[in-house]
Structure formats: structure tokens, C-alpha cells
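Paired with chain B in one complex and with chain C in the other, chain A is shared by the two complexes that follow.
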Partner chain A sequence: MKSEAEVRPRAFRGLPAFLWTEVLVQIHEELAMATSMMVQAVLLVFVWVLNPGLIGVALVGAVLFSMFAMGQRVLNEAAYIRIDHKVSDLYLASPLSAEAYFLGMSAGVLLVYLPPVVVVGVLAAVVIHLSLVEVGLLVLLAGTVWLTSASIGYVFSTAFRDNRAIWAYSSLFFNIFGVLPPVFYPFGLFPAYLRPVALLMPPSAAAALVQWAIGVTVLTRPEVYLASGGLAVEGLGLFLFAVYWARRTVRGE
Partner chain B sequence: MSGEALRSENLRKVYHSKGAPAVEALAGVSMEVRRGERVALLGRNGAGKTTFLRIASTLLRPTSGTIEVFGYNADKTPDKVRPYIAVVPQEGKPFFHLTPREQIYSYLRARGLGRETSKARTEEALERMGLIEFGDRLSITLSGGQRQRTMVATVIATEAPLLFLDEPTIGMDPFARRAVWDSLRTLTQRGSTILLTTHYLDEADALSQRLYIIDRGTVLVSGTAEDLKRSVGGTMKVLLPDGAREIERFRSFGSCVRDAESLTVISSPERLGELMEVAVRARLTATVGPVTLEEAFLRVVGRSINEE
Partner chain C sequence: MDAVERAYPDVPTTGRALPAFFWVGWRWISRNPAVTITPILLPFIFLYFLSLISPPSYRPLEIVGAMLFTMQNIGSWVLGDSALWRIECSLQDLFVASPLGRVRYLFGIAFSNLIAMIPALVVLTVLLAWVGGSDGHPLTVYAGLVIVASLGVLWVLFSSIGIAISSRVRTQREIWPVGNITFTTLGMLSPLYYPLSALPPLWQGAARFLPTTYAALLAQGALGITPATPDQMLLYGGLLAACAVAGLLITFRLYRWGEA
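Up next, the complex of A and B:
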């Protein structure tokens, strides 16, 4: 029989161990790791060819887009191990808490895919001569983008019964949130009537704030409030909702 | 903790989906599993076995009725139940990008077991399931049977008080199946309780101390395998390859099943001599053997279908 420590229910129980499990799973997927920055690299080349002067903005965009993409990997991973492997049942019908399952998976993906993003971030800092405060802002915003995206990814993953359907949605998310809005290019080039929409999308809101902080883009005060307030609410709100949703969806109805 | 490992009362589950009629997967299942028992849940595809296991293992909510695991309500207090259980899901596969050794060890750690205990149990489970040789190969390179062994090894290593195994030996070779049986017997000797589903009736016969047969969401029969065999009219069967035309001569000996030219008579050992004399007089060749659980199962479930 089990010891008392093992049978006591606790929030986030098993988080470090499941996080490490996910790290092990991800580091064995060398091909996925090697190609994780492919889209960002292609977009950087486009920007370099079209306007080398914007490469600094594009590098910042690549960092934020990558954080968003890592969150979206959670969508694929959570759906894959639930639908194809059903190994999720093994973990969810165990003392591992549902929130530890969600957060461990998300953080495991983050840890493995983070190093090349850090390299791009350092490059951005060097190219644009970011101050320490600006670096801090970039890190904070990148973290918020990741948290928002991972929360969206996990919640959406629970809605699917077929992995093939996810490919289409995944591509849609990537393009609508990361490629179309002003993430890789200056916010000022985006049509004025669509700016509020872009300021509510996590990657473009974060990009706009960094661009504003380094003087590349002019934002009005309401726009700054909308972008920063929106990101904070989305990040925290969606994370709390994802925790609630993770607990709720352990059991089918 | 309660005296029973599991008890359900009038458990019902109705699935609703858009554009399709509601499906009643469980129509009032009551059962109990005592501590340290190995119990098999048998039934045709879609009988409700997996639904029951998923509700018991806190992965699905029932529509009505109650289910308790070690005295805790599995529907209302799932967090209290989960530390006591471990599940081999139906058609579950290990992480393809983990080795069996990593899979088992990391799972035990995620359950809250210490490093040394996890390490020792991992090695023991690999050994028991014959996975030592493949322990450091990624699961993606293993055969289907080896992956299934990894899943079973992962759950066996927990030594949880109550194990749910949904078709645990599917795709395994006969040696691996017997290794699983031995491991499960050892676990119950150490105090664990096991509830499993299987379509291999020889497995249920060899492994379970009691069994439940469910069909269309209701329990048809419960008891030991021997009880079930007796319930179909005897424990011996006589196969008469050309006996179909002589069926009337044998009706008084027990239940008769005609299949093309052959006739199978299920009877008691006491009437065997008399039955054989009739067969000899009718110049029929006969083969005598014990009634198998599969034959009893087919009789019980077949009768239920015919009764509808």
C-alpha cells in the first residue's frame, strides 16, 4: 500500500517529474528540433532581402513568433498523446494533478525549444542595441505570449477527436496570429483600421510594445494600454482558464 | 479505507451526441471487487466494459448511480481515488520517443515515488516483462507487442492498490501473456487488486478468481469461471463430428449445439459413460473434453441475444 505522502491530493502535484518526462520526449525528436525555427528563418530572409534596415524589428518578431509557436506545439502534443497514444489516460488517472499535466507538458516543450530562440534574442539585442530594461521587457512579453499561446493550445487540443483536423487549425493559428499581423514588420505599416485587432493578438501586441519601447513605432496612449492590458488579461485569464479546463476535461461527460 | 476495493451500484452511462440517438452504454451495473481479488470483466465489443473501467478510473462521469473505490466516491472525489489506482488504457501506447526504461521510471516519478524506489521498480518491471533487452531503445522502434508490454510494465511497476487493465495482453505472444499473468498474480499476492477486461477467454479462465459478463450495459452473470461453466448445463463436452443427425438421442444428456454435421453435447461428468454408450451404439466417433470458458461465454451471451 502507498505511503501517506503519495496519496495526498495536491495542486500541481508531479509537475517537475512530468515536465522532465516531456523534455525527454521532445529531445528525442531531433528533426522537429532542427526545423523548429524554419518559418522564422524564411521570414527573416524575406525581410533582409526586401529591407535590411528592418532586420532588428524582424529579429524581435522572430523571438515573439517562436514563443507563440512553442505554445502551439502544446496543441499538437496534447492532442497527439490523447488521441493517438491514449497515454494521457495513464497520467490523468494517477496522482499527477491535471494542472501539472498541462503545465508540465507546456514547460517541457518550452525548455527544449528555447535555446535557439535565446540565440535570436541575443542577436536582436546586439543589432538593435537593446538596453537592459528593453531586454527585460522583451523577456516579459515573450513569456506572456508563450503562456497565452500554450493555454490556448491546451484548451483547443481537448476539442479534437482526430489529429488530421488539427493540422488545418494549427496552420490557421500560425498565419492569423504570427505571419499576417505586424510581428515581423513595423506596426506603423499595418492598416490603421485593423490596429486594434492586432493589439489584441498576443504576438503582434507584444511586438508593437517592443517596437514602441525602442522607438521604431509610435503608439498612442490608448494603444499602449490596449496592448499591455490586453496581453496581461489574456495571459493571466487564459492561463487560469486553461488550469480550470485541464481539471474539468480530465473526465469525459 | 473500505473493505472492498471497488463497489458500484446501479451505474448508468448514456452517451449523447449531436445528430445521433443517445446510446445507453451502462444500464445499471452493480458489482463489487474485494481487496486482493483478480476480477475479469467480459463481454462482446460495445458491451460497456471500457465505459465501466473509465468511470471507475475517474476518467468518465456516470449519468447516474454510484461507484466507490476504497470507499471514496470516484465521481465526486476523483482526486482521492487517483493515488490508489493505475490504468492500462485500451489500445494505449507508450510515448514513442521514450525508451521503456525512461517511460516506466518517469511515470513512477510523476506519481510521486522516490528516485531509488522508482529505479528499483523500473528494473524489476523490465525484467518481469522481458524488456531488459529493449529497455534503452526508443519505443518507436519496438514491435506492437513490445510496446504493449511497456504499457503493462509501467502500470505493474506502480504496485498501486487497484489496477485497471483494459485488454492488457492484446497483441502479445503467448510467452509475454504468461509473463503478464504471473506478474498480476504476484501483485495480488502482495495485496493489489486487479480488474481487467479481455477478449481472450483462456486468459480470463487462467487469471481471474471471479468474473462478470456484461452485455448491452447490464450484468448477465457473475461468479467464478467454474460457476459459469456449470451454469450452461455441465462441465464436460462431447464433440460428435457426424452427430448432428442424431441430435434427438442426445437431448436428454444436456444442452446440444449443432454446427453443420457436428454436434456438441454439454453434460455432467456423471452422465459421460451413458452418453458414450449411446454414441457407440449410434456408431459415432466422439471426442471428450472439458467445457471451456469461451464455450460457456458464447452460450450465456448467445442466450441473452436470443432472449431479446
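Up next, the complex of A and C:
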């Protein structure tokens, strides 16, 4: 009889296999893929009809919001697998490690839902005439926003016991943090006394940094440090917490 | 049904469906407060966003738009409930076997979801009276009646669309995306948050086939946001009714009840 330490899979064991499994699952969700850009499309239509001059900023915001909204997909998927399909126990009874389950699911969602985001990103690059450095910054920040929101989504998913309640809560969370702060509109339009808060929220911090890089928004040096430092700490911190949480909730470690 | 009555003469074959569904709606929101907060906050999040990017003169129009959009979204909630009860809980078979007909079932679910939307509508009405009054578009009795009538038509129509689609949905995973894509697309095509004249000509043409467009034009006309003569108001009312009747005929053709 092996001890618990001996049967515990090594860190991230099974990641490529589960990532591929998740890609195959997600790629058959044509309807979910079609609706993945719905909120972004609505807000872009608002801007296009009511204030076309802001369309460049809104396109950058759409890229960052899309990466943030992938956390909602991770939340839905993790909850569905556990509550509706009841196969999470099966996956996790296999040699697949808990953190590979979380990261594989998140990366699978990312791969499948990325193409429309790339299209919006290309549109943004064309409309605003982004340089290569600015494109690189946008990609880096979008990646950090994804890591943060995927971690939040996975951790939140473990709190649900009822599929019917997921939509209301997840929609509320991701819309409050993704639409209310200055993601789709210039940072300067946000109330001055709330700007430090916006710089601590992942999607608006990333949007503010891109807007600052392309000259749409003026940020002071401390604001740049707050946004970039906050984003880095939140991204890494929440990822490590999600890994810890995945291990703890799944294997009772 | 006759056979059931003969076999079980003491089983009640009539009942008060609406009060029962009222309790269903109330239990749902009392156990999940976010269900009430979400429909209140989502239009406000949009309104806040719009207040930053659009002229201040559009504010009353946007609040009315949020009311109509909220009511239209009941369709998505009806779709979700009805599909969930049928697919996951297998409850629809029970309803089909009961004396409850498909129309009373539709109104029951629509009513239970209306309960969850009422707080949002009340808050938006207060906001409309306040903002509209200060912007020269007061919420008069006439305007209030027109808005309530428009909301009522949308409630019946979009609830029936929701239940008709729900009867065709096969898996739980389809519920949210199908509802989202249907009702958001219908809402965005109609001039709810912007005047019809602000849209490109092709879009304006497409919007004229949608009932929500006439509900919006009626509400905007009654408040004096988009000027309309009495004849135009009658025309909008007639077109809203015609679109609603056509929509109901189509949805009742699609609506499956107790069929394999």
C-alpha cells in the first residue's frame, strides 16, 4: 500500500492531455463561442453609434475585456463539469494533478476562444496604428488579465452548488469589474477620486496602461507603478492561490 | 384527462396557477438575492457607460430603453427556467400530466420571472420620473400608461419566445448561449438606447420589423423625447400589436408541450 505522498501526482502532471481534452470539449460549443463576444459587441455598437471618436479605445478595451471574460467561461466550465456532468471526480481520481486540471481547463478555454479576440486585436492595431512595442504590451497585459481572471473563475466555481445561480452571480461579477471601470472608455473620464481603485482592477489597470502607452491617457509615474505592480502581483498571487485552492479542494491537502 | 377524472374523482383538476408561480418566483429571489441585483445592476452598468459616451439629452431615452430591455430579457429568464425544469428536473412532464395547460404554464413562468424583475423596473421608473422631469420630459399619467402597455406587450411576447425556444433546447449547456444570443441581438437591433434616426439606413430598415422598435417609439413619443403626432402614436401602437400577434403565432407553432 503506497502512502499518500507516493500516489500524489507530480506538479502539473497531465497538463497537455487535459488541455487537449478541454480544447476538444470547447470546440464543440459553437453556440457558446458565438456568444463569447456579445457584451463586447454591444458596447462597441454603443460607441460606434453614439461616439465614434472613441472606437479605438473601445477596441483595445474589447480585447482586454474578452481576456477577462474568459474567467467567466472557466467558472461556468468548472461548475458544469463538477455539478452537471459530475466527471470532475473521475478526472481527479486519475493521475491528473489538481493544478493541471485547473490550468488545462483555463488554457483550453483560452485556445478555443482566442481567435475572435485576435480579430478584434488586429482591428484595434489597424484603427489606432499600434507599433510593435505597443502590440507586445497589449499581448503581455492581456495575458496577465487572463491569468488573473481564470484563477478567480476557477476558485469561484468551487463555491457553487446550483447551476441555476451561476449565471446571475458570474455575470454580475464580470460585468461590474469589466464594464463599469474605464476599460471601454478613456481612463480620464473616470471620477478622479476612484482612479486608484480602477488601477487596482486587472482589466482597467491593463486598459489604462495601454491607453497611456498610445497617448490617449496621461498617467503619473506612481499611477503607472500602481497599475503595473498591482497587475503583476494580482496575476501571480491569484494564480498561486488557485493552484493551492485546486489542490486543497480536490485532494483535501 | 377525462380518464384521469374518472379514475381519481377526488383529485382537484383546477387550481390557482398564478399564486403558485408567484411563490416560485419569490422563493427563487429570496434564496438567491443576486438574481434580483443582476437585472437591476446590468441596465445601470450600461446606463453609466452610456452617460459617459453619449450626449446628456439622451438620458431619459436611455432609461426608457433600459426598462424595455429589462422586460425583454424576461424572455431569456423564462427560457432558462423552462428548459432547466424540463431537462434537468424533468418537471415539465408533471405539468403536462396536470390540468395546467400550456398557456397557463407560460403565464405562470412569465409571472414568476416578472417578480424578479419588478425591483429593477421600479428603480428605473423612479429614475425616469426624476431625470425626465428635470430634462423637460415629465412622466405624465398618459406617458406612464403607454409605457406600462408597451412593457406588458413585450412581457407576453418575449416570454412566449423564451418558452418556445426552451421547448426546442436539448441540453443545459445550450440554454445560456441561446438566450443570450437571441435576446441581446433583438435588443441591440432595436433603438432602445439611441434614437432610430441615429442608426444607418439599412439598420433602421431592419429595426422596423421588430416589435421592440415600436415599443421604444411609443414610449419615446409619449414622453416627448422623439416627437410623434397622435396618428403616428396610433400607427406605432398598431404596428406593435401586429408584430406581437405575428410573433405569438410563430412562437405557438414552435412551442412543444407534451410531445415526444
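In this text, the second predicted complex is superposed on the first by the 242 of 253 C-alpha atoms of A that agree within 3 Å, B and C clash if a C-alpha of one lies under 4 Å from a C-alpha of the other, contacts with A are read in each partner's own complex, and residues count from 1 in each chain.
Keep in mind that, in the parts below, a contact is a pair of C-beta atoms (placed from the backbone, for glycine too) under 8 Å apart; a residue touches a chain by one contact, two chains touch by 3 or more.
Model, not experiment: these values are computed from the prediction.
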Touching partner for A:29 - first (chain B), second (chain C), both, neither: both
Touching partner for A:49 - first (chain B), second (chain C), both, neither: second
Contacts of A:84 with chain B and chain C, given as first, second, both or neither: both
First, second, both or neither for A:95, with chain B first and chain C second: first
Which of chain B and chain C A:189 touches, first, second, both or neither: second
Partner chain in contact with A:17 - chain B first, chain C second, else both or neither: first
Which of chain B and chain C A:167 touches, first, second, both or neither: second
Where chain A meets both chain C and chain B, residue numbers: 29, 84
Residues of chain B defined as touching chain A within the complex: 54, 57-61, 78-80, 82-98, 102, 106-107, 109-113, 138, 151, 154-155, 158, 160-161, 164, 191
Chain A to chain B touching residues, read off their complex: 1-2, 5-9, 13-14, 17-18, 20-21, 24-26, 28-29, 81, 84-87, 89-97, 250-253
In the complex, chain A residues that touch chain C: 29, 31-32, 34-35, 38, 41-43, 45-47, 49-51, 54, 76, 80, 84, 163-165, 167-169, 171-172, 175-176, 179-180, 184-185, 189
Contact set on chain C toward chain A in their complex: 32, 34-35, 37-38, 41-42, 45-46, 48-50, 52-55, 58, 80, 84, 88, 172-174, 176-178, 180-181, 184, 188, 193-194, 198-199
